[in-house]
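Chain nomenclature is as follows: A, B, C, D and E, assigned in order of appearance, with residue numbering initiated at 1 for each chain independently.
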């Protein structure tokens, strides 16, 4: 701006909130005495319409080019007064505020001290205002497409919503199929819908949706860019099966020399598969995948004379030459829906998981009760070690447990394993599983050890009641140990309601394991520079007001990756994330932070200290021509910069400056405030 | 000891190369026992080159000190390599400069000199103030041998050895293209006893100590100019808008200047000792640098100038960095 | 004015007497000798070679206020040098005194510099001869100077071993003699003679030299000579050689404001600094150390004598001894002569 | 230093607060009407990472008796890492100033979150007490005397 | 004698922008706060003054008004750095400080009876303006006056109105140029040295005065020589960083010449052999 700073100062009374303690007239007179202040006023409520009108009038009448408002916290009304400036025809960044309410009149009783402090704060605002600069709120175009990472229910729902709204979706799933954990469940609490019945149609929709490009068995490798313009690199891992040719008939899987010999991840290792497999019958896409770690041909180079699968595949879909494929595309927004892992029960050795065959995790039990699971939904006692069961020997019928005991809160609300939080689903899924047991083996004795039952959701309490009425026994107590006595398992605990120690004999123990962040979380953190909350789930931008946003614009969270939740919550959040992601896409443009950093390329020495440190990778070193010499200098990508200013303090030569917080704007403040 | 004929031969080969623009080494000084930087542009000039314990200057400075004249339109800048002779300590400056992207490795050609220690020229001068020279210094075993005016004097090594050498842990260059001699094993360690002694004094004593030193500073900025890490093309000390440090010379500005300079070298100073050596009013600048060096090492396990790909100290962090001082 | 005798034992008392003025003597700060105002005669350190920082800083302080002002008030308040009071510099070396007489010409040429000249007027210089050259790099004798030189001094104290020969040289010197009359004795005639033979002896101890004849005329013709790059390659562009030179007098002017009270001050500057000639446009007429070194030498040995008839160098040798990279003005001058 | 001056002495403390945590925390102290000493004057920055350690030196030179930098707790930085950088910078600066004879009580840093209005009060009280204990800063303030 | 470091307090009577942009030029018309100063004040075309603001600093500018313009001084100042930015913030009614007049001047008396050609570029017109004005105000004392001026674009032209006036009034010959083609520009397109050749003034009894960016000066000097001007017929002004303006602070020297004292006005004859003058 050319010409002289003309500052208008507005001291707000805030009723008596400020004026009750601070002598506002004195502050106003003081303001009027400061250099470059052309008008200083006080008023009962600056933020009111008439208050704002004072400012816009003065801008017109006095030709103000800077405005200082001494009132409440800028966190409160900075946006308000920015708009005021704008409506007065002034760049909104010519505003500076002095916080004389929250940080002055409300915290100091002594009117003299408070008035003195108000003056200093005001003076500091005025000297900063002198050097403020007009900033341009820039806009960037938004690519109308969205990347969704993770194809669990959250990812699926978000994908469908966005695709339905007409935007392109790239859904990247790490495993061979979408569906995530929900696909592993049998029924879902509290309504007892069959999980597959409600999920599989959605999975099919995803596969068939013209706007969705599904990439399973794929991983995001690199993402650069910024909201509206992310460049994504995805690795499609080789499946060694030609997706176009495979008809999903399954002949190969039956023929595989390893059929039934590899624990199926999807079945949590309870069921078995071959080296070529489909995780479960309803998998989407219904295409087989060769697991190259186990496949004899791929791992050892030899599988009989010729690989069996290749021999039997009539479609000729098997292709051992297949390579990973890298695809690149551009998206405007990103939704992360990578879900969770269940707590590793081995971390609580006292419960004997991994030692006793019939100590199961709830997820394993979900597979056991699941009609499409390895036992066809029959709840039977497990013999885990004996994997090489021959088909003929199946005659011997597996035993059915007569009593099943659930232990809740395994790995949740437990400081000793570092998880202080509640996993939110275990109480309910335990009740659900207890119900299923009762449903399938009515005379089975079902006992649940619990700390408290948290049945807070819609229909939860009713469901919990129903299960109790079905004869499920709830014992309040946290078991200390599980050991074997004969062919029984003994749960040692104390009934804390009656304060009696007890040893409870049972056939089978199901551990209601909690939800924990995925063990491979870091991959995505590194790629997207996401932050984690203290529970190590991905951190939302604000716990209440921006629960689906991340600190990075254009990147959103959905599902359990952000924190434990059940399916309805995951879906709700997915829909929220979808709509949040669609806003910039629908607008086609997005405003980027204006108070970004900017490099003086004349003085930058190209040391890259700022580059190294920027949490948002907003700075890069570029080569420029300085008087004929090629030199490296830093350059800020304004769309990426969030305006933290950390780079500014790192730059020795002061070559990078943050707009609105430049050294020449802060140093005068220090000067004023340093004075006694 | 470096064989001078080999040194010159190597230099001749290097400066004869098409892709080498200049070679920076040492030559005899104009009086006393001094040596000084030599700039060689063609093979005919190599015979002036020497190396001996009087070769104190850290020549790495000159790589970043170069003032680039505007290249006339239509002409190409001369981007040929610069060859530079470095001792162990000096080589760390190259490493640190490269860690800070000051230039690419292939822009320099490094002639490494495994170093057995250099003299503190002030101590030599104090003993032999009247020698016009040329005098020669060499190291024989644990004695410096000084030859001048037809005389020969032997002085025990530690009496003339530069302080920095008494603590040097990297006598052999960490980066080089040619090494002029056998590697030298580290012959010293650093216990920071000097820093600790000062640390343990009372606040007022410390301040009195530094006030006396800082009050002498004439703000010639030689300490900055000689520093191989101080290569900002627009140093904040010279900047007017904003003016971080005023040009006026008084205890306030002098102190602020000394804090700024030393702090700017936190995690960057490689302990070559040049700043203290050049200071005409003998301000113990290394005591400032060494305090920071020590803290950086103790708190962050960080040592500048040893790894080219090390992230800058103050542009990195560990979640568990010490925070005992935080309320 | 007749010479007197000042016995060395009496120096303490003399300093005591002089401390009614602003008394400045060499002092030792750690191992560095510099000139400071002293309160106690014991602080004086007279057994020194030469000071690191020349006494020019007394008459031409490194930072000095020109005038003061209050922000918002148009009045400018001129600094009154008179307030500093009568000053005595006791024990400076002849070369440094001579340097002041050289710099006087600059500050009184055309416009008179009121600050410098006033301070000069208020200052009495009591010099001390160099029996031993303070440094191997002294070459005052090449430039019309002498270890016993009188130029610029008001009083010369000739070091006779156990006593000084007190030689008042100017009116101020005579006044000094009056002030100190009670400590002075009559000098023996032999002393005066002995002094002149001592001078010859002292001159003989100076080992470095240059013949300045013709250099002033030759320098401009060597403008494009490759020698400038050669001699300046190693230069760091620091200000040591100029800040510590007793004849260097360049200054910068900057305004400073503290709590609404401001001053315009001047502070030493150096032609060896790259910003020295930098234009606001970014253009720099002396873009590299080559041009700056050429200017430093030319200024001292050609431009200054052209205008003021005297070389702006007294041969104190500081720039040689203190240059961190051994850039040696004598060597440069030799190359100029040879070129 | 005379005892009397120490008790009368009202130190002047310049504080740099990050917008998202500490400034919000200080606001919360206000909303909850928490009373605390008025000696602290706040400069708002977006992140504690913005605070140049030289600001401390500047503030002390200008006349501040103490400086406080406050940011989000580790892991809570709105910009993820800014407070970690600040922590390193100020640790070094504080140690360094102490080495020069500047009492460490004058250079403080705190983590105050948006919900810690009460902690903000405690921090202020502690900082003010600490600075009172070491007395007015008189080591390298810009002195007009020299002019 | 007055302390040469203490400036006079002055008031800005009027201030307006000559050109737009980052490096805009603003003209200030100032008068001394104390009328008595006018009694002792006299300056001549080409002389300069230090203009400044206490608390910021001062810088050298040529007085761009002719002594024939009474009651005020004019300065045309380009915004390039610390002082000039601060000065640009000032407006009519504000206080500013002026120290001068400093330096030497164009020998207007010697030039009496001669033709004068001024060749200026950009802000370089500032020292030429008093020459032109002086001649126009003493029109009968001089021969033909030819004004050649150019800048990058027409918007970058200083003193636009005055050129229009000159073109209309006919007491001189005014030639304007812009570097690159632009719409509705009726005058020359190209660089000033080219325009000079286009105009091709005769060296006969003529003085050429040139001022502008170094590169322009270089070519103008060449072209003037081509046109037959001898070095003593050519005048220019030199500019270097300076602080005191009175030959003490040292930095403005080119060779043994102090620009602030011996200049800024030089005949080409005086400086053609001083290599540093054109550095």
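By our rule, a residue touches a chain if its C-beta (ideal position, glycine included) is under 8 Å from a C-beta of that chain, and two chains touch if they have at least 3 such contacts.
Everything numeric here is computed off the predicted structure, so don't read it as measured data.
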item: Chain located farthest away, centre of subunit E as origin (C-alpha); value: A
item: Chain pair, C-E or A-B, that carries the greater number of C-beta contacts; value: C-E
item: Centre distance in Å when subunit A and subunit E are each reduced to the mean of their C-alpha atoms; value: 66
item: Inter-centroid spacing, subunit D versus subunit B (mean Cα positions, whole Å); value: 36
item: Rounded Å distance between subunit B and subunit C, as computed from the means of their C-alpha atoms; value: 31
item: For subunit D paired with subunit E, centre-to-centre distance based on mean C-alpha positions, whole Å; value: 52
item: Set of subunit A residues in contact with two or more other chains; value: 602, 613, 650, 663, 667, 675
item: Subunit B, residues touching no fewer than two other chains; value: 69-70, 241, 244, 250, 314-315
item: Contacts with two or more other chains, residues of subunit C listed in rising order; value: 71, 252, 254, 265
item: In the complex, subunit D residues that touch subunit B; value: 53-54, 57-58, 61, 74-75, 81, 84-85, 87-104, 108-111, 122-123, 126-127, 134, 139-143, 146
item: Complex interface listing, subunit B residues touching subunit D; value: 195, 198-199, 203-211, 244, 250-253, 255-256, 259-260, 262-263, 266, 288, 291-292, 295-296, 299-300, 313-315, 317-319, 321-323, 325-327
item: Subunit B residues touching subunit A - in the complex, by the definition given at the top; value: 68-73, 75, 77, 79, 100-102, 231-236, 239, 241-242, 244, 264, 311-312, 314-316
item: Subunit E-touching residues of subunit C, taken from the complex the two chains share; value: 66-67, 69, 71, 74, 76, 78, 106-107, 109-115, 220, 223-224, 249-255, 257, 262, 264, 266, 269, 271, 276-281, 283, 285-286, 291, 295, 298-299, 302-303, 306-307
item: For the subunit E and subunit C complex, residues of the former touching the latter; value: 1, 3-7, 9, 33, 54-58, 80-81, 84, 95, 97, 214, 239-241, 243-244, 246-251, 253-256, 261, 275-276, 279
